[in-house]
Amino acid sequence: MKIEQKLQELGITLPKAPKPVAAYVPVKQSGNTLYLSGQLPMVDGKLQYTGKVGGERTAEEGSVAAKICAINALAAINEHIGSLDKVKSILKLQVFIASVVGFDGQPEVANGASEFFVEVFGQEIGSHARSALGTNQLPRDATVEIDLVVEVE
Amino acid sequence: MKIEQKLQELGITLPKAPKPVAAYVPVKQSGNTLYLSGQLPMVDGKLQYTGKVGGERTAEEGSVAAKICAINALAAINEHIGSLDKVKSILKLQVFIASVVGFDGQPEVANGASEFFVEVFGQEIGSHARSALGTNQLPRDATVEIDLVVEVE
Amino acid sequence: MKIEQKLQELGITLPKAPKPVAAYVPVKQSGNTLYLSGQLPMVDGKLQYTGKVGGERTAEEGSVAAKICAINALAAINEHIGSLDKVKSILKLQVFIASVVGFDGQPEVANGASEFFVEVFGQEIGSHARSALGTNQLPRDATVEIDLVVEVE
(Lines give C-alpha, C1' and ligand atoms only; values in the text may rest on other atoms or scores of the structure.)
Protein backbone atom coordinates (compact mmCIF):
# COMPACT_ATOMS: atom_id res chain seq x y z
CA MET A 1 0.00 0.00 0.00
CA LYS A 2 3.09 2.17 -0.12
CA ILE A 3 2.36 3.64 -3.55
CA GLU A 4 -1.33 4.10 -2.81
CA GLN A 5 -0.35 6.15 0.26
CA LYS A 6 2.09 8.17 -1.78
CA LEU A 7 -0.65 8.93 -4.29
CA GLN A 8 -2.94 10.01 -1.43
CA GLU A 9 -0.26 12.35 -0.12
CA LEU A 10 -0.05 13.83 -3.60
CA GLY A 11 -3.82 14.30 -3.56
CA ILE A 12 -4.36 11.84 -6.40
CA THR A 13 -7.16 9.33 -6.54
CA LEU A 14 -6.63 6.72 -9.22
CA PRO A 15 -9.48 6.87 -11.71
CA LYS A 16 -11.04 3.82 -13.23
CA ALA A 17 -8.74 3.04 -16.14
CA PRO A 18 -10.11 4.67 -19.31
CA LYS A 19 -11.53 2.17 -21.76
CA PRO A 20 -9.50 1.83 -24.92
CA VAL A 21 -11.09 3.94 -27.64
CA ALA A 22 -10.93 1.02 -30.07
CA ALA A 23 -10.17 -2.68 -30.65
CA TYR A 24 -7.30 -3.32 -28.25
CA VAL A 25 -6.58 -3.89 -24.56
CA PRO A 26 -5.06 -1.49 -22.03
CA VAL A 27 -2.19 -3.79 -21.00
CA LYS A 28 -0.56 -6.93 -22.39
CA GLN A 29 1.92 -8.86 -20.28
CA SER A 30 4.89 -11.03 -21.30
CA GLY A 31 6.76 -12.52 -18.39
CA ASN A 32 7.47 -9.60 -16.08
CA THR A 33 7.08 -6.99 -18.78
CA LEU A 34 3.93 -4.94 -19.26
CA TYR A 35 3.22 -3.19 -22.54
CA LEU A 36 0.71 -0.37 -22.15
CA SER A 37 -1.59 1.11 -24.72
CA GLY A 38 -1.36 4.77 -25.59
CA GLN A 39 -2.86 6.88 -22.81
CA LEU A 40 -4.72 10.08 -23.56
CA PRO A 41 -5.44 12.97 -21.14
CA MET A 42 -8.90 11.70 -20.26
CA VAL A 43 -10.73 12.56 -17.03
CA ASP A 44 -14.06 10.82 -16.34
CA GLY A 45 -14.17 9.54 -19.90
CA LYS A 46 -13.70 12.98 -21.42
CA LEU A 47 -10.57 14.38 -23.06
CA GLN A 48 -9.36 17.29 -20.94
CA TYR A 49 -6.76 18.61 -23.35
CA THR A 50 -7.13 18.89 -27.10
CA GLY A 51 -5.24 21.08 -29.55
CA LYS A 52 -1.60 21.58 -30.41
CA VAL A 53 1.14 22.86 -28.15
CA GLY A 54 2.54 26.06 -29.57
CA GLY A 55 -0.90 26.75 -31.03
CA GLU A 56 -4.04 26.56 -28.88
CA ARG A 57 -2.06 25.05 -26.01
CA THR A 58 0.88 26.26 -23.97
CA ALA A 59 3.77 24.06 -22.90
CA GLU A 60 2.45 24.28 -19.34
CA GLU A 61 -0.93 22.94 -20.39
CA GLY A 62 0.83 20.19 -22.35
CA SER A 63 2.75 19.25 -19.23
CA VAL A 64 -0.46 18.94 -17.21
CA ALA A 65 -1.94 16.84 -20.01
CA ALA A 66 1.12 14.55 -19.87
CA LYS A 67 0.63 14.11 -16.12
CA ILE A 68 -3.01 13.15 -16.64
CA CYS A 69 -1.88 10.55 -19.19
CA ALA A 70 0.56 9.23 -16.59
CA ILE A 71 -2.17 8.97 -13.94
CA ASN A 72 -4.28 7.00 -16.41
CA ALA A 73 -1.31 4.73 -17.09
CA LEU A 74 -1.04 3.99 -13.36
CA ALA A 75 -4.75 3.22 -13.27
CA ALA A 76 -4.33 0.75 -16.13
CA ILE A 77 -1.33 -0.92 -14.46
CA ASN A 78 -3.14 -1.08 -11.14
CA GLU A 79 -6.18 -2.77 -12.68
CA HIS A 80 -3.93 -5.24 -14.47
CA ILE A 81 -1.67 -6.36 -11.60
CA GLY A 82 -3.83 -5.42 -8.59
CA SER A 83 -1.32 -3.19 -6.80
CA LEU A 84 1.16 -0.54 -7.84
CA ASP A 85 3.52 -1.90 -5.17
CA LYS A 86 4.36 -4.66 -7.68
CA VAL A 87 5.90 -2.16 -10.09
CA LYS A 88 9.65 -2.82 -10.15
CA SER A 89 10.74 -0.40 -12.86
CA ILE A 90 9.30 2.09 -15.29
CA LEU A 91 11.45 1.04 -18.23
CA LYS A 92 10.48 3.17 -21.19
CA LEU A 93 8.23 6.15 -21.69
CA GLN A 94 7.31 7.49 -25.10
CA VAL A 95 5.64 10.89 -25.18
CA PHE A 96 3.94 12.06 -28.35
CA ILE A 97 3.05 15.73 -28.31
CA ALA A 98 0.69 17.33 -30.81
CA SER A 99 2.76 20.31 -31.86
CA VAL A 100 2.70 23.16 -34.31
CA VAL A 101 5.83 23.40 -36.41
CA GLY A 102 8.22 25.69 -34.57
CA PHE A 103 7.38 24.52 -31.05
CA ASP A 104 10.38 22.52 -29.89
CA GLY A 105 9.89 22.30 -26.13
CA GLN A 106 8.67 18.69 -26.18
CA PRO A 107 11.09 17.73 -23.35
CA GLU A 108 9.45 20.16 -20.92
CA VAL A 109 5.98 18.93 -21.86
CA ALA A 110 7.06 15.32 -21.37
CA ASN A 111 8.44 16.18 -17.94
CA GLY A 112 4.85 16.40 -16.73
CA ALA A 113 4.75 12.60 -16.97
CA SER A 114 8.41 11.88 -16.14
CA GLU A 115 8.50 13.90 -12.94
CA PHE A 116 5.23 12.38 -11.81
CA PHE A 117 6.57 8.83 -12.13
CA VAL A 118 9.67 9.72 -10.10
CA GLU A 119 7.54 11.52 -7.50
CA VAL A 120 5.31 8.47 -7.07
CA PHE A 121 7.84 5.62 -7.26
CA GLY A 122 11.11 7.31 -6.30
CA GLN A 123 14.21 7.56 -8.47
CA GLU A 124 15.19 3.90 -8.69
CA ILE A 125 11.83 2.51 -9.76
CA GLY A 126 10.30 5.62 -11.32
CA SER A 127 13.15 6.91 -13.47
CA HIS A 128 13.01 5.70 -17.03
CA ALA A 129 14.39 5.87 -20.52
CA ARG A 130 12.34 8.27 -22.57
CA SER A 131 11.67 9.55 -26.05
CA ALA A 132 9.65 12.68 -26.64
CA LEU A 133 8.61 13.85 -30.06
CA GLY A 134 6.19 16.09 -31.81
CA THR A 135 3.44 14.97 -34.13
CA ASN A 136 1.10 16.94 -36.34
CA GLN A 137 -1.99 15.13 -35.13
CA LEU A 138 -3.06 12.80 -32.32
CA PRO A 139 -6.25 10.73 -31.98
CA ARG A 140 -9.33 12.81 -31.07
CA ASP A 141 -7.09 15.87 -31.33
CA ALA A 142 -5.53 15.01 -27.94
CA THR A 143 -2.65 17.27 -26.91
CA VAL A 144 -0.50 14.43 -25.57
CA GLU A 145 -0.35 10.64 -25.78
CA ILE A 146 2.00 8.46 -23.73
CA ASP A 147 3.12 4.91 -24.02
CA LEU A 148 4.92 2.74 -21.43
CA VAL A 149 6.92 -0.43 -20.94
CA VAL A 150 7.01 -1.48 -17.29
CA GLU A 151 8.69 -4.23 -15.31
CA VAL A 152 6.63 -5.83 -12.54
CA GLU A 153 7.17 -8.49 -9.90
CA MET B 1 -1.62 -25.36 -39.09
CA LYS B 2 -4.47 -23.82 -37.11
CA ILE B 3 -3.60 -20.25 -38.03
CA GLU B 4 -2.89 -21.10 -41.66
CA GLN B 5 -6.38 -22.62 -41.90
CA LYS B 6 -7.87 -19.57 -40.29
CA LEU B 7 -6.13 -17.37 -42.84
CA GLN B 8 -7.47 -19.57 -45.63
CA GLU B 9 -11.00 -19.23 -44.25
CA LEU B 10 -10.49 -15.47 -44.33
CA GLY B 11 -9.37 -15.75 -47.94
CA ILE B 12 -5.86 -14.58 -47.16
CA THR B 13 -2.73 -16.03 -48.69
CA LEU B 14 0.40 -14.95 -46.89
CA PRO B 15 2.64 -13.10 -49.30
CA LYS B 16 6.37 -13.47 -49.33
CA ALA B 17 7.53 -11.06 -46.64
CA PRO B 18 8.39 -7.72 -48.25
CA LYS B 19 12.10 -7.02 -48.29
CA PRO B 20 13.14 -4.20 -45.98
CA VAL B 21 13.49 -1.02 -48.01
CA ALA B 22 16.88 -0.34 -46.44
CA ALA B 23 19.73 -1.58 -44.21
CA TYR B 24 17.90 -3.60 -41.59
CA VAL B 25 16.21 -6.97 -41.07
CA PRO B 26 12.49 -7.78 -40.92
CA VAL B 27 12.62 -9.43 -37.48
CA LYS B 28 15.10 -9.58 -34.60
CA GLN B 29 14.54 -12.04 -31.75
CA SER B 30 15.56 -11.86 -28.10
CA GLY B 31 14.51 -14.88 -26.07
CA ASN B 32 10.83 -15.34 -26.84
CA THR B 33 10.33 -11.77 -27.97
CA LEU B 34 10.23 -10.73 -31.61
CA TYR B 35 10.79 -7.14 -32.65
CA LEU B 36 9.42 -6.39 -36.08
CA SER B 37 10.46 -3.75 -38.54
CA GLY B 38 7.98 -1.17 -39.69
CA GLN B 39 5.55 -2.70 -42.19
CA LEU B 40 4.17 -0.71 -45.10
CA PRO B 41 1.03 -1.47 -47.15
CA MET B 42 2.94 -3.28 -49.88
CA VAL B 43 1.39 -5.86 -52.21
CA ASP B 44 3.69 -7.72 -54.60
CA GLY B 45 6.51 -5.31 -53.83
CA LYS B 46 4.44 -2.24 -54.64
CA LEU B 47 2.93 0.25 -52.20
CA GLN B 48 -0.85 0.02 -52.46
CA TYR B 49 -1.69 3.08 -50.39
CA THR B 50 0.10 6.38 -50.49
CA GLY B 51 -1.09 9.80 -49.39
CA LYS B 52 -2.49 11.24 -46.19
CA VAL B 53 -5.68 10.28 -44.44
CA GLY B 54 -8.01 13.25 -44.31
CA GLY B 55 -6.44 14.41 -47.57
CA GLU B 56 -6.13 12.07 -50.57
CA ARG B 57 -7.19 9.10 -48.44
CA THR B 58 -10.30 8.32 -46.46
CA ALA B 59 -10.26 6.67 -43.05
CA GLU B 60 -11.71 3.54 -44.68
CA GLU B 61 -8.80 3.38 -47.11
CA GLY B 62 -6.40 3.92 -44.22
CA SER B 63 -7.99 1.02 -42.40
CA VAL B 64 -7.50 -1.27 -45.40
CA ALA B 65 -3.90 -0.09 -45.62
CA ALA B 66 -3.41 -0.95 -41.93
CA LYS B 67 -4.76 -4.46 -42.57
CA ILE B 68 -2.32 -4.94 -45.45
CA CYS B 69 0.52 -3.90 -43.13
CA ALA B 70 -0.73 -6.48 -40.63
CA ILE B 71 -0.77 -9.22 -43.28
CA ASN B 72 2.82 -8.33 -44.17
CA ALA B 73 3.74 -8.50 -40.49
CA LEU B 74 2.35 -12.04 -40.30
CA ALA B 75 4.36 -12.96 -43.38
CA ALA B 76 7.53 -11.67 -41.71
CA ILE B 77 6.80 -13.54 -38.48
CA ASN B 78 5.99 -16.72 -40.39
CA GLU B 79 9.27 -16.61 -42.33
CA HIS B 80 11.16 -16.00 -39.11
CA ILE B 81 9.68 -18.74 -36.89
CA GLY B 82 8.33 -21.13 -39.52
CA SER B 83 4.72 -21.27 -38.32
CA LEU B 84 2.22 -18.75 -37.03
CA ASP B 85 1.00 -21.42 -34.60
CA LYS B 86 4.04 -20.53 -32.49
CA VAL B 87 2.73 -17.02 -31.83
CA LYS B 88 1.79 -16.83 -28.15
CA SER B 89 0.85 -13.17 -27.87
CA ILE B 90 0.70 -10.01 -29.94
CA LEU B 91 2.14 -7.74 -27.27
CA LYS B 92 2.34 -4.28 -28.70
CA LEU B 93 1.19 -2.64 -31.90
CA GLN B 94 2.21 0.85 -32.95
CA VAL B 95 0.29 2.37 -35.83
CA PHE B 96 1.64 5.46 -37.54
CA ILE B 97 -0.87 7.13 -39.81
CA ALA B 98 0.09 9.77 -42.35
CA SER B 99 -2.52 12.41 -41.59
CA VAL B 100 -3.46 15.92 -42.54
CA VAL B 101 -3.84 18.24 -39.59
CA GLY B 102 -7.46 18.09 -38.52
CA PHE B 103 -7.98 14.37 -39.16
CA ASP B 104 -8.20 12.76 -35.72
CA GLY B 105 -9.72 9.35 -36.45
CA GLN B 106 -6.44 7.45 -36.11
CA PRO B 107 -8.05 4.84 -33.80
CA GLU B 108 -10.50 3.75 -36.51
CA VAL B 109 -7.71 3.52 -39.08
CA ALA B 110 -5.59 1.46 -36.68
CA ASN B 111 -8.51 -0.91 -36.11
CA GLY B 112 -7.87 -2.28 -39.58
CA ALA B 113 -4.78 -3.97 -38.11
CA SER B 114 -6.08 -4.58 -34.60
CA GLU B 115 -9.28 -6.34 -35.63
CA PHE B 116 -7.38 -8.46 -38.11
CA PHE B 117 -5.00 -9.77 -35.44
CA VAL B 118 -7.93 -10.68 -33.18
CA GLU B 119 -9.76 -12.30 -36.10
CA VAL B 120 -6.75 -14.46 -36.94
CA PHE B 121 -5.45 -15.39 -33.48
CA GLY B 122 -8.53 -14.95 -31.27
CA GLN B 123 -8.85 -12.57 -28.34
CA GLU B 124 -6.31 -14.07 -25.96
CA ILE B 125 -3.37 -14.26 -28.35
CA GLY B 126 -4.37 -11.58 -30.82
CA SER B 127 -5.44 -8.74 -28.54
CA HIS B 128 -2.67 -6.27 -27.85
CA ALA B 129 -1.61 -3.01 -26.30
CA ARG B 130 -1.63 -0.32 -28.94
CA SER B 131 -0.62 3.22 -29.73
CA ALA B 132 -1.95 5.03 -32.76
CA LEU B 133 -0.73 8.40 -33.82
CA GLY B 134 -0.63 10.73 -36.77
CA THR B 135 2.48 11.82 -38.58
CA ASN B 136 2.97 14.40 -41.30
CA GLN B 137 5.01 12.07 -43.51
CA LEU B 138 5.80 8.38 -43.82
CA PRO B 139 8.49 6.66 -45.92
CA ARG B 140 7.64 6.50 -49.65
CA ASP B 141 4.53 8.55 -48.81
CA ALA B 142 2.90 5.40 -47.38
CA THR B 143 -0.50 5.98 -45.77
CA VAL B 144 0.16 3.69 -42.80
CA GLU B 145 3.14 2.02 -41.13
CA ILE B 146 2.87 -0.52 -38.32
CA ASP B 147 5.32 -1.88 -35.84
CA LEU B 148 5.00 -4.96 -33.58
CA VAL B 149 6.40 -6.68 -30.53
CA VAL B 150 5.35 -10.35 -30.39
CA GLU B 151 5.83 -13.21 -27.94
CA VAL B 152 6.49 -16.62 -29.46
CA GLU B 153 7.02 -20.15 -28.16
CA MET C 1 38.12 -4.43 -26.52
CA LYS C 2 37.05 -5.73 -29.91
CA ILE C 3 34.39 -3.06 -30.46
CA GLU C 4 36.58 -0.28 -29.10
CA GLN C 5 39.25 -1.25 -31.65
CA LYS C 6 36.67 -1.31 -34.41
CA LEU C 7 35.57 2.19 -33.44
CA GLN C 8 39.20 3.34 -33.50
CA GLU C 9 39.62 1.88 -36.98
CA LEU C 10 36.57 3.87 -38.02
CA GLY C 11 38.14 6.97 -36.55
CA ILE C 12 35.46 7.33 -33.90
CA THR C 13 36.12 8.29 -30.31
CA LEU C 14 33.17 7.67 -28.07
CA PRO C 15 32.04 10.95 -26.55
CA LYS C 16 30.87 11.25 -22.99
CA ALA C 17 27.21 10.27 -23.18
CA PRO C 18 25.09 13.41 -23.58
CA LYS C 19 23.08 14.26 -20.47
CA PRO C 20 19.35 13.78 -20.89
CA VAL C 21 17.78 17.16 -21.64
CA ALA C 22 15.13 16.57 -18.98
CA ALA C 23 13.85 14.37 -16.12
CA TYR C 24 14.83 10.90 -17.23
CA VAL C 25 17.83 8.57 -17.46
CA PRO C 26 19.84 7.57 -20.54
CA VAL C 27 19.35 3.81 -20.09
CA LYS C 28 17.05 1.57 -18.05
CA GLN C 29 17.75 -2.16 -17.86
CA SER C 30 15.39 -5.10 -17.37
CA GLY C 31 17.12 -8.46 -17.30
CA ASN C 32 19.30 -8.49 -20.39
CA THR C 33 17.32 -5.82 -22.18
CA LEU C 34 18.37 -2.18 -22.31
CA TYR C 35 15.89 0.54 -23.16
CA LEU C 36 17.58 3.72 -24.37
CA SER C 37 16.35 7.25 -24.24
CA GLY C 38 15.92 9.24 -27.42
CA GLN C 39 19.30 10.31 -28.78
CA LEU C 40 19.77 13.61 -30.54
CA PRO C 41 22.60 14.61 -32.90
CA MET C 42 24.63 16.32 -30.16
CA VAL C 43 28.38 16.84 -30.30
CA ASP C 44 30.10 18.28 -27.22
CA GLY C 45 26.75 19.17 -25.71
CA LYS C 46 25.61 21.12 -28.74
CA LEU C 47 23.06 20.07 -31.36
CA GLN C 48 24.86 19.69 -34.69
CA TYR C 49 21.80 19.32 -36.87
CA THR C 50 18.58 21.25 -36.56
CA GLY C 51 15.88 21.85 -39.15
CA LYS C 52 13.72 19.64 -41.30
CA VAL C 53 14.85 17.25 -43.99
CA GLY C 54 13.42 18.30 -47.31
CA GLY C 55 13.53 21.89 -46.06
CA GLU C 56 16.71 23.36 -44.53
CA ARG C 57 18.35 19.93 -44.50
CA THR C 58 19.17 17.43 -47.20
CA ALA C 59 18.74 13.69 -46.86
CA GLU C 60 22.55 13.39 -46.75
CA GLU C 61 22.74 15.76 -43.79
CA GLY C 62 19.93 13.84 -42.11
CA SER C 63 21.88 10.64 -42.58
CA VAL C 64 24.96 12.14 -40.90
CA ALA C 65 22.73 13.37 -38.07
CA ALA C 66 21.37 9.83 -37.65
CA LYS C 67 24.91 8.48 -37.41
CA ILE C 68 25.77 11.03 -34.70
CA CYS C 69 22.68 9.91 -32.77
CA ALA C 70 23.92 6.33 -33.12
CA ILE C 71 27.38 7.24 -31.80
CA ASN C 72 25.72 8.89 -28.80
CA ALA C 73 23.65 5.77 -28.25
CA LEU C 74 26.83 3.69 -28.12
CA ALA C 75 28.30 6.13 -25.61
CA ALA C 76 25.21 5.74 -23.42
CA ILE C 77 25.33 1.93 -23.65
CA ASN C 78 29.05 1.91 -22.92
CA GLU C 79 28.65 4.04 -19.79
CA HIS C 80 25.81 1.80 -18.62
CA ILE C 81 27.39 -1.64 -19.07
CA GLY C 82 31.09 -0.74 -19.11
CA SER C 83 32.02 -2.28 -22.44
CA LEU C 84 30.42 -2.48 -25.86
CA ASP C 85 31.73 -6.03 -26.12
CA LYS C 86 28.79 -7.03 -23.92
CA VAL C 87 26.29 -6.02 -26.60
CA LYS C 88 24.66 -9.22 -27.90
CA SER C 89 22.09 -7.77 -30.26
CA ILE C 90 20.74 -4.46 -31.46
CA LEU C 91 17.10 -5.45 -31.33
CA LYS C 92 15.06 -2.47 -32.39
CA LEU C 93 15.84 0.94 -33.77
CA GLN C 94 13.28 3.69 -34.13
CA VAL C 95 14.29 6.67 -36.23
CA PHE C 96 12.23 9.83 -36.07
CA ILE C 97 13.06 12.30 -38.81
CA ALA C 98 11.92 15.93 -38.75
CA SER C 99 10.53 16.23 -42.26
CA VAL C 100 8.66 18.65 -44.42
CA VAL C 101 5.55 17.21 -46.00
CA GLY C 102 6.57 15.76 -49.35
CA PHE C 103 9.95 14.42 -48.25
CA ASP C 104 9.57 10.65 -48.13
CA GLY C 105 13.18 9.42 -48.07
CA GLN C 106 13.16 8.58 -44.37
CA PRO C 107 14.66 5.10 -45.02
CA GLU C 108 17.82 6.58 -46.54
CA VAL C 109 18.19 9.04 -43.65
CA ALA C 110 17.74 6.23 -41.13
CA ASN C 111 20.43 4.21 -42.90
CA GLY C 112 22.98 6.61 -41.40
CA ALA C 113 22.32 4.90 -38.06
CA SER C 114 21.56 1.39 -39.34
CA GLU C 115 24.68 1.03 -41.45
CA PHE C 116 26.82 2.34 -38.62
CA PHE C 117 25.55 -0.31 -36.20
CA VAL C 118 26.28 -3.07 -38.71
CA GLU C 119 29.71 -1.59 -39.45
CA VAL C 120 30.61 -1.55 -35.75
CA PHE C 121 29.08 -4.82 -34.55
CA GLY C 122 28.86 -6.89 -37.73
CA GLN C 123 25.70 -8.28 -39.28
CA GLU C 124 24.66 -10.77 -36.60
CA ILE C 125 24.84 -8.43 -33.62
CA GLY C 126 24.40 -5.10 -35.37
CA SER C 127 21.50 -5.78 -37.70
CA HIS C 128 18.16 -4.84 -36.23
CA ALA C 129 14.45 -4.43 -36.73
CA ARG C 130 13.69 -0.83 -37.57
CA SER C 131 10.96 1.71 -38.00
CA ALA C 132 11.60 5.06 -39.63
CA LEU C 133 9.04 7.80 -39.77
CA GLY C 134 8.69 11.48 -40.34
CA THR C 135 7.51 13.98 -37.76
CA ASN C 136 6.67 17.65 -38.08
CA GLN C 137 8.79 18.66 -35.10
CA LEU C 138 11.47 17.20 -32.84
CA PRO C 139 12.78 18.50 -29.50
CA ARG C 140 15.09 21.55 -29.83
CA ASP C 141 14.33 21.43 -33.56
CA ALA C 142 16.69 18.43 -33.93
CA THR C 143 16.78 16.91 -37.41
CA VAL C 144 16.80 13.30 -36.18
CA GLU C 145 16.08 11.41 -32.96
CA ILE C 146 16.74 7.71 -32.47
CA ASP C 147 15.60 5.21 -29.94
CA LEU C 148 16.97 1.71 -29.22
CA VAL C 149 16.23 -1.59 -27.55
CA VAL C 150 19.39 -3.65 -27.05
CA GLU C 151 20.19 -7.11 -25.71
CA VAL C 152 23.31 -7.41 -23.57
CA GLU C 153 25.17 -10.21 -21.82
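To keep things simple, chains are lettered A, B and C as they appear, and every chain counts its residues starting from 1.
The definition used in the following text is that a residue touches a chain if its C-beta (ideal position, glycine included) is under 8 Å from a C-beta of that chain, and two chains touch if they have at least 3 such contacts.
Quick caveat: nothing in here was measured; it's all calculated off a predicted structure.
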Matching the CA atoms of chain B with those of chain C requires turning by an angle in degrees, to the nearest 5, of 120
Given over half shared residue numbers means same and under half means different, the chain A/chain B interface is different
Distance in whole angstrom between the CA centres of chain A and chain B is 25
Going by residue number, chain C touches two or more other chains at 94, 135-136
Interface with chain B, chain A side, in the complex: residues 20-28, 30-31, 35-38, 94, 96, 135-142, 145, 147
Within their complex, chain A touches chain C through residues 32-33, 89-94, 99-108, 110-111, 114-115, 118, 127-136, 149, 151
